[in-house]
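See below for the structure under consideration.
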Amino acid sequence: SSSSGSEESSSDASGEYEVYALLPQGTDQPYGTTYLPAMEEEAAKNGINLTITNSQYDADRQASDCRVAVAARPDLIILWPAVGDTVRPCLAAAQAADIPVTVTNSDVNPGDKDLTAGYSGPDTYGQGAASAEIMCELAEGNPTNILMVNGLTGNSTAINRRDGFVETIEAECPNVEILAEQPGNWNKDDSQTVTSEMLTSVGAENVDGIFAADDTMVAGAIDALRAQGIDPQPLLITSIGNTELGNPLVKSGDLDGTIFQSSSWDGQNAVLVASQVLAGETVEEDLFMPSVKVTQENADDPEVAPEW
Amino acid sequence: MNRSTSEPAGPVVIEAESIVKRFGGAVAVNDVSISVRAGEIYGLVGENGAGKSTLMRILAGILRPDEGEVRVEGKALHGGAKAALEAGIALVHQELSLVPEMTGAENIMLGSFPTTAGFIRSADMKKIAADAIEEIGVQIDLDEPIVRLSVALRQFVEIARAVARKPKVLILDEPTATLTPAETDHLLAMLQRLAAKGLSIVYISHRIPEIFSICDRVAVLRDGNLIEMMDIGETTPDDLVDKMVGRDLKLDLQIHRESNPGDVVFSARGIHAPGVDGIDLDVRAGEIVGLGGLVGAGRTEFVRAALGVDPKTAGTVTVTTDGRSTKIATYRAAVRNGVAYIPEERRTDGLALNMSVADNIALPNRARLSTGSVLKPKMIAEFATNLADSVGLRPPDIRRDAGEYSGGNQQKVVIAKWLGREPRVIVLDEPTRGVDVGAKTEIHRLIRDLADRGAAVLVVSSDLPELLDLSDVVHVIRDGRIAGTLSGAEADEKSVMTLAAGGRLVEAS
Amino acid sequence: MTETATPRETPTRQAPSETGPSQRRAALLQWIAERGIFVFTALLIVFAAIFVDGFASTVNITDVFHRAAPIGIVAVGMTFVVISGNYLDLSVVAQVATSAVIFIGVSNLYGIPLAVGLAVLVALLYGAVNGVAVGYFKANAVIVTLATTYVGLGLLRWLSGGSIFFGPPDGPIRAMGQIRIGPLPLSMIVLIVMALVLAFVLNRTTFGFMVRCVGSNKEATRLAGVSTPRVVLGAFVITALAAMIAGFVLAAFSNTAVSTMSSGFEFRALAAIIIGGTSVFGGRGSILRTLLGVVFVSVLTNILVLSNISFGWQQIAIGALIAAAVSVDALARRAAQ
Amino acid sequence: MTTSQTMSLGEATTGFSARLRAALGRRTEWRAIILLVLVVVGALIFAPTVFTAYQVTLGFVALIGLIALGLTAVILMGELDLSVASTLAVSGVVMAMVPNIFLGVTLALLTGLVIGAVNAFFVVKVGINSFIATLGMLFALRGLAFVLSDAEPVPLTDIEAGISFGMPLIGPITPRIVLFVLVFIALHVFVTRVRAGREFYAVGGNRQAAYDAGIPVSRRLFTGFMISGFVAALAGVINTLELIAADPTAGSTALLASFAAAIIGGVALTGGRGSIVGTLLGALSLGILGVGLTLAGVQVDIQQIFIGSVLFIAVITDPASLRAAAGSVVTFLQSRKSQTAV
C-alpha cells in the first residue's frame, strides 16, 4: 500500500498506488493518442491510480505540474521531460519529498540520472543514430549528398534526433554530407515545401538522399521529390517512426529505412518500470525501446506493426 | 457688474508678438500681437474659426507657433505645455479636458500632483484641490470620479484645475457654453474677484453681454487677424459684432421665406428619455421648426430619442408620407421612411473622414446606387458630383477624403448625402456650428430649399440669430420639456432667452 | 527621450499635427506608402530572379505558391475583419485545423459531401459566435477570438483525440491536391479565385462598402441607417468561410490533417495583411494588397530557405519587415498631414 | 452681484452608506472577484487539494500572473504589448549564455528594458499602433532567441545557484513567489501612490488632457513599455533559474494567459480603467482554476475549453456589452412591432 501515506490517497482501496504522470503531450498529438491508452491500461492492471498532466512542451508549465505533483505526495512520479535540460529542480524537489521518479520517452541528462529511479522509452538520440546507420550502410562509402528535414525548432526530440543523426554520420560515414537543413515542424505540408525548396537551392541533381526526423515529414519529402518529377526509389531516404504513414512507403521502396517506435510499448513500459519501483525492486538498467531498423525486408513483421 | 471705471493699468504679464500659425495651407492665426496686464480681464471675441482657441493654445504652449514669440514677464517661453504651466499660464479648454476615471481632486491636480520623492502626498493633493474649489465657490465631491459628475460640475473642475495652479494668467476659452445663467453669474463674479487679487484673465465668449459685464479690454479676431483692441468703454455691443463679422451680416441673413405649411409629416408624442421629460411636437410639410434653449436643455437628447438613435423610455413617433402613417420604432425604420438626421458631432458622427466624399455621399444612398447589391461606380460618381455641386462644395472634388475639407464644407457633405434621398423629414442639430459665414449662408439656403420642396424640417440651434432667422415656429426647450412655443413673427432673442432661462436672463448691458 | 513641445512628437491621439518637414520627403513617403508594397514585391522578385539560383524555376514558383496559398486564403478573408476595425481573428488557427480534420477525418468515414457540409456548419458557427460577440455585444475582438481559440482547439483535440488523419493514398482528396494548371497548383487557383471574389465583394458590393464604412467610422455608418453589428457579423462569417477553405486546401495538399497543422496562422496572416498596407485602424485596405503582402512574405521566406538561412533569422527578417512596412506607413501619414 | 459665495450644483453624495456604495460601485474588479469566489467554491468541492497545496497554487499564480502585472502597466495606458512572451525567451537565453550568474541576471533584465524601450520607440516616436509594433517584435525576438541559443535549450553554468533558487525560503515561500509579491506591491504602489504611475491612468483615460496638463506623455509611455519588458525579462530570469536552463521556445502559453488574467481582472483594453489588484485577482482565479483542474485530473484539452469559456463569458458580461446586446434585442423587438403595428 501507499508508502508515503498522503491524506488524499488514504481513502483509496488497499493495494492502490497514486501516481502522477507528467507528460508534455497527451491526446493533442498523434503519438500521445496511442501512448496514453497503453499507459492507462497497464496502470489499471497494476492497481495504479494515474493522474496525467500535459504541459504542451512548455517547460515552465511542466515545472509547475511537477510542483502540483510533489505537493499531492503521490507514491511515484512518472516524468516525460518537456525540455530535458530543465527537469533537475523537479527531480530534486521530488527527492526531497521522498517521491521516486521514473522517466519515460526521453531521458534526463546524464548528470541528473542519480535523481531518477529508472528509464524506459525510445532512445531519441539512438533513433537518430540508427537512422544514420541505415544511411551509412546504403551509402556504401560513396560520396553521398543529402538533405535533412528537422522537427519543430527548439523541440527536444527534434534536437536529440538531429544530434544522433549528425554525430553518427560524422563518426561513421563522413562520406555522407548534409547539404542543407530546414525545419519541417513535424508537418507533412511544411516538410514538402521546404524539401522542394532545398532541392532547388542545392540543385536536385546533386541530391542523393534525404533524412527526415519522422515518417510524417519523410512522406512530405517523398511527395516533394515526386512533384519535381524525381523518382524517390534510387535516392537514399531514411527517417524515424514506422508509422501507418511511413510503413507503406517502406514497403513500396520509396523509403529505404525507418526506425520503429512503438508508442504503446512506450506507454506500457512507463507504467511497468514504475510498478517495479513501487514494488521495491531496483531497476538497474535503462529500459530502451529497441530501436528496430525497419527496411523492406522486415516491414511486414508483426513486432514492428505500425501503431499510429 | 459693469466695470465702468478703468482700473489703473498694471505691468504687462504676458505678451504674444507677431504670432503666425498655419494648419496645412490655411492660416489660423496671422501676425497677431496681444499683451495682457496684471489684474485685468482681457476679452477675446470673434466668429467661429476666427482663431481664438488656436491663439490661446499657443499662449499655453500646447501649440508651437510657426512664427513669433510668447513672452511671460519679458522672458521668452519655450518648451511646451509644461513650461507654460510653470511660467504661470493656465488654460481652461473649450472642450472638456478631463480624465473620466480619475477623481475630482486628481483631475484638479492633473500634471501637478504634489510629491515627495515621486510619491503623491494625497492629503496635500486633496487640500489644494479643496482650496481651489473653495476659491471658485462650488461644492464638489472630490473623491468621485469625473464620469459621475454633471457637465456643469466638470466645467468647474476644469476651472478649479487652472486656479489651483496659482497662475499669473488664467485663460478661459468659452467657459460658459455649458453653464446655466445662474452658474454663469457665479463664474463671472468669481473671475472678478480673482482679477481684483491681481490675476490676469483672458476671457473668450460668444456671449457679448458677458464681455461687457466683466472685461476691461476686448480684442476682436477675424479670420486669424487681430482687427481691433479696445477699452471696453470705447465700444458697444453692436459695434463689437460689426467688427467681428466685418460686414453687415444681418442683411444676408434676413431672407424671409414665404412658408405655407402642409399636413403634419413628423409627429412626436410623449417622448421620454434620459434628459427628456415628455415632449410632444409636430412638423408639417414645408415647415421649418426650430428648437431653442440653452446648452444642456435636452434638445439633442430629444432629437436622438425621437429618431431612435438612442433608446427612449416612452413615447411614439409617426411619420406620414403620401397619406400613409408609419410608427417609427427604430432609427433604421426612420431612415427607411424618409427621415434624415444631421448630427451635432459632425466629425465623429457625421462623416467617415478617411473615405472619399463620393463614398460618404453614397452610404445612405447605396440602395439606389446598386443593382442586386452590386455597386455602380459610374452612377455613384455622377450622383455624388451632382450633389456636391448642388451644395456648393469647394473644391468640388468628390474623390478627395472628407477629412481634407474645412468644417463648413464637411457639413455640406453631410447635408449632401441626405439630400440624395430626398428626405421627407430632415432633422439638423447645430447645422452651422464651427462653420464660417459664407458656408453658413449657403447651408441656410439649402435648408430653406428643402422646406420649399415640401420637406418637414426640424432645426436645433444654439445660435439665436440663426434659429430666429430660419424657423417658422420656435419651440423653446428647458429641462427636457417644451417651455414655450413662439411663432416666427413673435420670436425674438429676448423672448427665446426668457423662456430658455426660465424667466431669468443673463444681465445684459 | 526629451520632452517635446509639439504634439507632433507625442503619441497624442487627437492632437493636431504640425506641418511636416520638406514637402518632397513627405511626397516620397506618401508615394511609397501608397504603392510601396507593389514596388517592394516587384523589386524583391527581380532581385531574387537575378541573384538567387533556382528562384525563377517553375518548380520553385510552385513552391512559393504552396507557401502562399493557405495563409493567403486565410488572410484575404481576415482582411474583412481588419478593415471592419476589429484588429484580427485569432481563432483562424482553430478554424483551419478543425476544417482540415473534418475534411479528411469525416470524409474517410462518411464521404466528402458530408464532410464539407459539416465543415461549413462549423465555419458558420465560428463566424456567428465571434461575430455576435464582437458585433452585437461590442466585445473586444482580440479577447473574443482568443476565447474561441481556446474553446475551439480544446474541443478539436478532445473530439479528434489529436490523431493524425490521412486520406487513402489514391483517394479523391489526394487527387484534388495534385490538380494543377500549368505551374499553378489547385491551392493557388483557389486563392486567386477567392481573392477575385472577395475583392469584388469588398469593392463593388454594398456589403463590402459597408464593411469599409464601419471600419472608417462606425457611428457615422450607423447614423446612415446601417445595421453595423450585422456588418461585423458578416465580416467574421467571411473570415470563417475563408479559413474553412484554407483548411481544405491544406488538407488536400498533404492529404493529412492534424490539430497542430495551422499553428501560427493567425499572426502570419495578420503580418501579411499589415505588410500589404491595410490599416489596423480599419477602413483602409484592399484584398489585392493583402495578396501582395502574402506573396512578399512567401517570396522572402522562400529566398531565405533557398539561401539555407536558419529558421531564427527567418523570423527576425519577418519581424523587421513588419516594423519597416508600418514605419513607412506611419511616417508617410504623418508627413501628409 | 452674486449673493452667495458658494453654490451647489447637483446633490453631493452624503452619508456613509451612500459613500460606501459609490466607492464600491466604481471598482473595476468585480468580475474577477465573482469569478474568484466561484472558482474557490468549485475547488473546495471538487479539488480541495488546491488549498492544502497552496504553495503550488501560489507558484502557478506567480507563473501566469507575473507577466500580466507588467502588461497591466501598458494596458492602463491604452496600449498593448504582444512581445512579452518572446521577451521572456530572449532574456532567459541571454542570461544562460553568460557564465557569471549576477552578470547574467543584470544583462537579462537590461535586455528587457531595452526591448521595452524599442517597443516604446516605435509607438511613441514612429507613431505605430502598439498592437502592430509589438507583433513585429513577437516574431523578431523569437527569432533572436533561436539565433542566440542555436535553437537548443541553454543550460545554466551555475546549476547549484539555480537549484537553490527554486527551493523555498521560509515555509512554502519560494523566491518566485517573493518576487511576484514584490512586483505586485511595487506596481500597485506605483500606479496608486507614485505620481508617474498614477499619470498612466491619465495617459490611458484621456491622452489629450494628459498632454495639455503638462504630463510628459512620451516619457510615461516609455516607462510603461519598459516596465512590461522588465517584468517579462524578470519572468524569464526566474524561469531560467528555476529550470536551470533557458528554453528558446519558452513562454508559449504565457502571452495569452497573461492577457486573460488582466482582462478578467477588469483592466480595460481601451486604457484608463483597471488596477493592479484586479490583475492579481484575475491571475488568482485563473491560477486556482488551472491548478484545480489539473489536480482534479482534467486533461489539458478540457482545461482549455473551460478557460476559454470563462474568458468568453467574462468579456460578454461586461456591463457595456450587456447593454449593447440588450439594445440590439430591444431594437429587434421594436422593429417587429413597428412592422406589425402599421
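By letter and in written order, the chains are A, B, C and D; residue numbering begins at 1 in each of them.
The working rule: contacts are C-beta pairs under 8 Å (C-beta built on N, C-alpha and C of every residue); 3 or more make two chains touch, one makes a residue touch a chain.
Being a predicted model, the structure only gives us computed values, none of them experimental.
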Discussion item. Going by the touch criterion stated earlier, list every chain that contacts chain A and also contacts chain D.
Written reply: C
Practice prompt. Go ahead and name the chain pair joined by the largest number of contacting C-beta pairs.
Written response: C-D
Discussion item. Report the inter-centroid distance (CA atoms only) between chain B and chain C in whole Å.
Written reply: 43
Fill in: Centre-of-Cα separation between chain D and chain B, whole angstrom
40
Worksheet item: How many angstrom lie between the CA centroids of chain A and chain C, rounded to a whole number?
Response: 34
Response to the item:
Cα centroid separation, chain C vs chain D, in Å, comes to 28
Fill in: Residues within chain A bordering two or more other chains
26-28, 153
Discussion item. At least two partner chains per residue is the criterion; list those residues in chain C.
Written reply: 3-4, 7, 157-158, 311-312
Discussion item. Where in chain D do residues touch at least two different other chains?
Written reply: 146, 151, 208, 211, 216, 299-301
Practice prompt. Chain pairs that touch, all of them, please.
Written response: A-C, A-D, B-C, B-D, C-D
Discussion item. Could you list, by residue number, the parts of chain C that touch chain A in their complex?
Written reply: 53-55, 57, 59-60, 62-63, 66-67, 70, 157-158, 161-164, 166, 169, 250, 253-256, 258-261, 302, 305-308, 311-312
Worksheet entry | Contacting residues of chain A [partner chain C, same complex] | 25-30, 32-33, 153, 180-183, 186-189, 192-194, 196-201, 203, 216, 219-220, 223, 227-228, 244-245, 248, 308
Item to complete: Would you pull the chain D residues touching chain C in the complex into a rising list?
Response: 122-129, 131-133, 135-147, 151, 207-208, 211, 216-219, 221-222, 256, 259-260, 263, 269, 299-305, 307-309, 311-312, 315-316, 318, 320-322, 324-325, 328
Fill in: Partner chain C, residues of chain B touching it in the complex
22-24, 61-64, 66, 78-83, 309, 331-332, 335-336, 341, 343, 348-355, 359, 362-364, 366-367, 370, 373-375, 377, 417
Worksheet entry | Complex contacts: residues of chain A adjacent to chain D | 7-8, 26-28, 51-54, 56-61, 63-65, 67-68, 70-72, 83-89, 92-93, 153-156, 159
